[in-house]
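What follows are several structures.
Note that chain A is present in both complexes that follow, paired respectively with chain B and with chain C.
On to the complex of A and B.
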């Protein structure tokens, strides 16, 4: 937590009240979206429970005694969903998956890594992509399996890769 | 009844006298003008010498620059009137202010998404100095105000609002009335105002307060905060925590 640097808005009390002016609200949601993604990224957290979230430091700044209301949180998450960063796990909107990079963006990162190393037309295992030493410096190192799979499926639909079973992948 | 005749000779005499007075008057005036011109010429020469001798200092030292500007103004010389003028060429001051103007516009644009186009002069100066890099000379508030004044030729996009002892620069079109600036002044220290606070200090009708605040909200200059006993109207442009924000 010590490493996470909050944006200036976090200490700005009206940031926690959804703004009536549409232009201002747009800027506000913009700032909220990047805050949520950065925070989740720093926490290496994918799942967000909306009832728990109300008391998380993300939406509740104790120092200035301001919190984003449930409606506010829903508005922010809905905005993120539109951008492809959030997927609801249930219809009631209680739990969601937050992806600070969309599967497509992850896919592009992996694909760039592969092409940079002329590893096209070779077969890799999913494990070696995310867990072996070779990729230690890559952002997708340690990426969760389900998300990697989604990323590769994206590449597959673009014709850049083909999944082989659940464990291997070949790039084109 | 005796009546002095208005003879032709009398009229002629009168006209002649008048013509003589006139001639003498012109003569004296000419002499004065010539002397004045000579004095001004000498002064100008001295000022030019002074300017070229202290060129570096004028460019580097902001206080010196203010005094030089004032001196020029008192004799009706505007070193910024044209970038091609003698003064601008001699001193490069024209370029200095035009450059500053461009940097001011850049800073205002870059921060407008946050502050709605209203920025405190101190923050503006900090950001301009930062954008000029380390080798930059001192920039004073006076320099900024002069440069902004020059931006007026581009239209009414930029205006300076006096707030107590400080200034704020507005870079979005949209007129701020006296009421609005009074409200901004009220927020100088805390960065926010409330209806009851304005009522207490300015003694306005509630209706008038709401009209002013609603306008500021509409212009995206203030944000509203509903999570305290009374709605607070916050100015991001006055909020200290935002002054050093990179975005």
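On to the complex of A and C.
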């Protein structure tokens, strides 16, 4: 997994104030989105609690004593939601799932792995895909079940796979 | 002592206040008393008794017998022919001087009897609440007369103003009624007529001191006067600064803020080299026509990159501007995507917009 390093914006104080100028804000939010995704990816973290997030190093740079306000965090997460990377777990907007790869992207990864290995028309178990030694070098190794399921559901809707119960899947 | 009379505090027309003294006690003969007035014409002799170790200064006044027409007093008859005034808070020397002066002048003998002797004497001699009420009524009558006299001229003016307002009203309602029928051009023409009549907004009652010409002339003068100071200030000045400068230059002929604003609004119409500009924040400034925003933004951007970050105060110090203008500059630069802000409890700080440039 690629090592994580903070982007230059992280040490730029205006980064922690949502910019009123729309053009500037667009660039700023882009930077925030990729930072959030990269950070979550490096932490292998899917769940974000917005109340706790304020104190996590992601939104709070102790070195320059700047933190993104709760409103700011909401803005960033909302932007991510629009891009399909975030799903709210509750309606109050306290907890969200951050998917640094969307289910669709995951599905494509899995499908590529399957086609590379000419494993089409075979049946695999979900456990096999994420926990067997064969997939150890794949990014989706160790992927959480619910996300894998959603990825496969994506493939199913594209007609590339068919789920067989909760355990197995067949690729076409 | 039986020469005293009850009176109220208001002075009668033929009387005048010569001196008031506090902390004075009055002795009826040897005994202390509370008495109100005594005609000075009855005084025959006065003597000073200087203050002693435990004794306040006193002035003794001896009187002759009272006239037969005397009003009732606190004492019907008395065997004493003198009173003593006791000065506890000092001031006796001054009082004595005035007192003697009045006695010498004998002003009460020179007094012309009032025009209406019946009411005058009646009011003067009427004791008690009736007397007080009458004197109050008398005062009010006098005051009413004074006021109505002084407002006579104003009323004339107001009657004229009423006509003017009426006129402007009828015209504006006419415009409104005809709005549908007449073209946009005609409405504009009509309004400009109204403006030249000195009525900026005919719907309100506010009428301006003089006509449209006043504002055009004022605008021309302002532009001429302000061009140089504006150049010195970097091409821009807040309207409040302008107001102060102009009024300082005009000395006695002060401008009202409204007149100034009205005149400034004429700049564009008259194609003068100065313009009135309102920032998004509502701050109004005058700026030279040659003053370009791009130039300002560029300058500010360079300064920002030079200093890494700036607050409005820092920029104001750098350029010798007012803080308000410095802030407007930074906001303008931000608006042009050349700066970005860092908002903390310590205040608002601006940085070069690395989001866009990096």
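Throughout what follows, the second predicted complex is superposed on the first by the 169 of 172 C-alpha atoms of A that agree within 3 Å, B and C clash if a C-alpha of one lies under 4 Å from a C-alpha of the other, contacts with A are read in each partner's own complex, and residues count from 1 in each chain.
Convention: a residue touches a chain if its C-beta (ideal position, glycine included) is under 8 Å from a C-beta of that chain, and two chains touch if they have at least 3 such contacts.
This structure is a prediction, so every number in the text was calculated from the model and none was measured.
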| item | value |
| --- | --- |
| Fit or clash between chain C and chain B when superposed on chain A | clash |
| First (chain B), second (chain C), both or neither touched by A:119 | neither |
| Which superposed partner A:163 touches (first chain B, second chain C, both, neither) | neither |
| Contacts of A:11 with chain B and chain C, given as first, second, both or neither | first |
| First, second, both or neither for A:66, with chain B first and chain C second | both |
| Which superposed partner A:97 touches (first chain B, second chain C, both, neither) | neither |
| Contacts of A:19 with chain B and chain C, given as first, second, both or neither | both |
| Overlapping contact positions on chain A, where the chain C interface meets the chain B interface | 8-9, 12-17, 19-21, 23-24, 27-28, 66 |
| Chain A partner contacts - residues on chain B that touch it in the complex | 113-114, 116, 192, 217-218, 220, 223-228, 232, 234, 236, 239, 241-242, 244-245, 247 |
| Parts of chain A lying in touch with chain C, wherever the complex brings them together | 8-9, 12-17, 19-21, 23-24, 27-28, 31, 66 |
| Of all residues in chain C, those that touch chain A in their complex | 309, 334-335, 337, 340-344, 349, 351, 353-356, 358 |
| Contacting residues of chain A [partner chain B, same complex] | 7-9, 11-17, 19-21, 23-24, 27-28, 65-67 |
